[in-house]
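Listed below are the structures to be examined.
Two complexes come next, and they have one chain in common, subunit A, joined by subunit B in the first and subunit C in the second.
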Partner chain A sequence: MKNPFEEFRSHTTRSKGKELPLDRILKAKEETLNQILKGYENLLKNEAKDLVWLMQYSTVIKAYSIAEEAIKGINYAAEDIEEFCYVLDKTDQVPYLITGPAGVYISALCNNAQEEEIVLRLQDVGIKINLLGYRLPEGKRLIIEGNVGDFTGISLEGGELIIEGSAKNYTGAGMKKGRIIVKQNVGFNTGHGMTGGEILVGGRIKGLGKVVGGKIYEKGQLVFPSDDYRPFYF
Partner chain B sequence: MFEECLKKVWPKVRRNHLFPQIPPPQLVESDEEVALEIKSKQMTINVNFLQLLSEKMSPEDALQALLDHGISHYMYCPWDFNTHLMLYSEAKKVLRDKRLAQKAASYFMDVVANTYCVKERETKIPELYRHLPKEGVQRVLALLYQVIWGIDLGVQGEEENIKRLSRIPYLEKRLWKESVKKFAKTIEEFLQKEMESEQKSHKKVQNPLGEHSLENYTLEEIDKGLREFASSVDDITEFRETVEDLKDELAAMGYTVGGMGRGAGNPIDADLLYYMKLAENYTLPVKKLPMEKSGALHPYSHSPWEIGKPVQDIDPWTSFGKIMPGLTQTWVRREGEVFGEMEKIPDCLIIIDSSGSMTNPRERLSYAVLGAACACNAYLKNGKKVAVYNFSDAFRGNKLILDFCKEKEPVYWAICRYFGGGTAIDLNDINYLLKQAEKPDIFIITDMQITNLEKLIDFFNSIENRVTAVHIGENIYAARFREGLKKKNNVSLFLVKDKEDIPKIVLGKVREYFASPF
Partner chain C sequence: MTLRDGYQDRVRRIYRFISENFYLNRPDLEVKGERYNSALLFGILTALYGGKELIIGEPGLGKTTSAEYISCLIYGIPLGVIWGSEVSGHPEQTEEKIVGRPDLGALNQGREVVVWSNFVQLPVKIVDEINRLPETKQSMILDGVDRGNWEYLNEMIINDEYALFATANYQDRGTNTIIAPLVDRFDVMVESRHPGPNLAFYIGRKSRFDNPLRHQEFEEKFHKLLRSQIPYREKLQRLEELSEGFRDYLKEKVGIETLSKEERFFIRKEMAQMPIDLDANAFMRMVLAELSFCHRYGQKRSVEACTEGCHYTGYLCYHVKNCASNRLPISVIGYSQALAWFLEDDEVDLEHVRTVLPFALAHRIQWRDSYISKKEGEGRNDPLQIYLAKEATEEIFHRYTEQRDYLLDALAIASRAFEGEAVEPLEGDHPIYEEIKKEIASLR
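Showing the complex of A and B:
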């Protein structure tokens, strides 16, 4: 007897359809993301064993060197960094939510990316990641759409960091050169220990730290150095 | 010419898509720059546009591509009105503008439907895109198709944006919520430009493959979509915002809060609609009263007659007119069952607490309102009347009394009213309402933090009506209420801590029935 569904055989055998370039792009994206996540897990294993990460100058330096080591050999693009930020936000794995090492790791990714300009669209990311833009080198431009956490752009090394939203405390702390532009507000201790470079704040600065050098502007007005704020000598 | 062509192409296209249940497409002559329109599953193809296309590609191929595109919307994305609303709502979250969000959702649906078709079916869609106008957003989409389909459509540029767009998993349905947001954000500047050009020219920029609007759906599909959307949104605000945006279109379609149908209705109250649609996802059973023995015997079945058995029960018809043991059949009688006096479901009085300790239903999802809405639906569906007593501090006038009626809208309006403030119930009002119907059921939903709770307990102890009491959250007042009425069989108490507890409510449940053999 003739199979009445014979003419539909082609439909049943072609269950997954044609392979499109889209499939390859998505597969490559997933592989890269897995590599990035593996590197991050490695950093957490070393730096946040007890789910506690103490924000100290030495711990940041150590975490950064581990992060740089972890991302060696990964071929990633700026979009992969953004994707990683969303994974951090969405994940329910507890250690992932430690925003300190996350910020250091993202900074390492940005500083070592092939692109000179990186745009991270983080408006929909619920968590405010700390330490973004850490040690951003000269020639790099990092644009972050959304709000960021504490210690943004610390130890900036000549790069340009643009925050489309607001930043919290210790923005630009210890920066040596370069420029930080925050379109909205910043928190306390802004520019604490900075020795050079510029911080331009479009909105309000809650408070300045002990600033050594450089320039800080609030709504276009120079607030440091000024009569009210003179350089601090440690 | 195109008529013949369509007759030839349509069966092929249907077969290619495994025979979707949609009516045959129609050809129309229109001056609009749109090739395809879909209204309530009916696809119409613009002959004038087709004429232009057929100068560049064969009319058969053009028709096939247009139909493939239309059917893919029906078969894959958006598939239903709920998905359409979800995509719009997510796009609105990032773009914060109704028109921009509509455009973004519409283009996203096009990309998904086209890519699905290109991947899963034999289609001429890429060929069609080669010949469609490529300006503004259409150019961006053509650039995207070049990358994700791997074909040359003869356009260049926008590498950065296309890189972002090409990383979106368009065919992953479970990720559409996130995907549409990324898509919308990436094409935002192009959408803005399109809007500006519309404002300058006072002419709407047409999507050549048709707009996606409410007109694509039937009223039944819209109703079902709203029901699903109400249960899928995170909170009432999201539902309200989306429905408020589409209010005019819904009204133009003839969709009103009271239900479907054409003609002027009351303006849509999105909050009411939310509870209405959400409540439709739950079905609360209304307990019917048990059967009673009638006392009368009736012939039930046959058994062979034997000597000694009464002769008056012999059935002469099945006994062939003979009286002989073994051959003669006699009737076996059984007692009949009938419904009792109150076999009908009675009307219902809904008492709802809207004091300060209760959630404001227009700010957040109120389990009290949802529970009351489900109860109201259950009685109205059985053709019964519902009255509402909504109170906070009733003695200060913070109360709303709605007499027994069969209309859904006034009932919902009454249960959604929020007073805030203290909690005291005026039993005179309850007595008044109880007199308006024949022994109605009572459904009371409150957190039990009622100032005159003792009086309420005494009152319920004195009446014989079936009472379904629902308390929101556990507290000492609820415990006191339970204790005070534990001997009453006509009062059943349910606890609602979460939305999921609502379907567990059984209306008019009376403990005595458990003892009954039925």
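Showing the complex of A and C:
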């Protein structure tokens, strides 16, 4: 049979493998993702040795500082955070998913990302991650497409957190300033212990927590502070 | 390797002579730092290479004129003879006027003798307003246009040297669609453009009566010879002798040295020997892959539409309806060799192919309606077909530059597979890699 490639016989092959520009990009992305995963595994080793993570004020603070330490030096972008969320949900790369530390870790990633606005498209993520938006600082905007779990936006530090779906209990707990917008519904104890800022809920609020300060709106109506609602002072 | 034998210089002088005296137009094409007018450059390459060129444009913008002057000067035939050999496209055109007719005198005596038309007998042919020929009559000239074979009654003329120019106006009430098999037979399509108001004014001031390319005495001799009933081979020889006389006249009167038949054959031989470098070779394969590949149906077919959600939607195969014919690589390679020869380059490289490709693709690609509606409003200087072909060329060129090394490796590995080595073909995200795999699979 006629060799239709015979002119290329003398061409010396240079590329060792199948390397395309796309491959190079994917390889770089994969390396970044591996570093992020490694940091997360370190966090789990320290904080959830027995696959149990107790949600306490001090454990969250500790987990966050470990997470911040773990991600130092990783050059990542917003889409890497999103990719990490999908890896958590879909693959067996992560030995165990505990939504608490995962949320703290994702929050640390968002708070330390270069971008001022981060969009996480989590509609297709099966799990509802807790603690997203933890300590979101001023100047940052985090938009989450999909539903989230408990303790969303707790200790918010001036950032803007937008949830396109619904959030569960303790949304905005302990927040100091900033704004949380939940397009659909929120659970019980919303705004528990918050001292400032705003929570705007487009749907229904199942129940407010012991709110200290700030404003909470339900479907455009101010529900806290209200005439028949007395702020709770610790 | 190109021989620096002075022919290129002679051809360039012809180009300059026409562009400065007869076909005044702006350069619209840059090749390797030099600017040319595409209609004139491709016209000259067509005449030299022996190709087929379709010239489109508005009426009165020099489509036929450019072809006439080029034919006259490259083939050494007086302008009056060229005019007398042109076939004009109109609905009443017949085979008897285009190809030949029976010799009525001989027929009365019971003999069948064909009187061939000047159009058929001359090596260079011009069909004016080809799209005014109805579709049914276009089929009549298919074989002649393709191979230079002309048949009438039981006789046949085969042109051993043959170049064809056809002009076409944009669609109006009197035009017809040029049928796909005829369109595909044209090697290139160019537009003869408006020269701009300043050159147009200058053209308007030129005398209509003093044309140095006309020579009544030679024209009469040519016509007499063409009418005669001597065997075609002998007639060609005599035509060449007459042409030699006319060429001497041109050299003396206008200082332009034209080309003899022998020289034209020699030039064609030089062009055909022009090597093609690996980049031009691989780039062409990439182009052909995008224009013939279909992931779902095995190859492009104009009767089978692409399905939504195909992995290869980013490639040209998704935007075109038809499959590239085998005439496409013949045209691109032939004209690229001609261009490289004209520029006195040693081999055909990417620049030559990149220059020629849009003009070889423009008339051949049938774009999907969705793609046309997307692109037709974009700002441009070229007619839509040429613009889309230029865009397509640049798009594939961009992909080629990104994947060059990898593609060359893939082709080299494929070559090794054909020589019996047990190698695995390289994977890649382009139809060409799939086609390479198919070739290798056919060995096993």
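Everything below uses one rule, namely that the second predicted complex is superposed on the first by the 211 of 234 C-alpha atoms of A that agree within 3 Å, B and C clash if a C-alpha of one lies under 4 Å from a C-alpha of the other, contacts with A are read in each partner's own complex, and residues count from 1 in each chain.
Here is the rule we use: a contact is a pair of C-beta atoms (placed from the backbone, for glycine too) under 8 Å apart; a residue touches a chain by one contact, two chains touch by 3 or more.
The model shown is predicted, which means the values in this text are computed figures rather than measured ones.
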Contacts of A:116 with subunit B and subunit C, given as first, second, both or neither: neither
Which of subunit B and subunit C A:22 touches, first, second, both or neither: both
Touching partner for A:124 - first (subunit B), second (subunit C), both, neither: first
Touched partner set for A:77, first subunit B, second subunit C, both or neither: first
Subunit B versus subunit C as contact partner of A:4, first or second or both or neither: second
Residues of subunit A contacting subunit B in one complex and subunit C in the other: 8, 11, 14, 18, 20-22
Residues of subunit A touching subunit B in the complex: 8, 11, 14, 17-18, 20-22, 25-26, 29, 77, 79, 83, 86, 121, 123-124
List of subunit B residues in touch with subunit A within their complex: 18, 93-94, 115, 118-120, 147-150, 163-164, 166-167, 169-171, 178, 181, 185
Residues of subunit C touching subunit A in the complex: 276, 278, 281-282, 402-403, 405-406, 408-409, 411-416, 418-419, 426-429, 436, 439, 442-443
Subunit C-facing residues of subunit A, complex: 1, 3-9, 11-15, 18-22
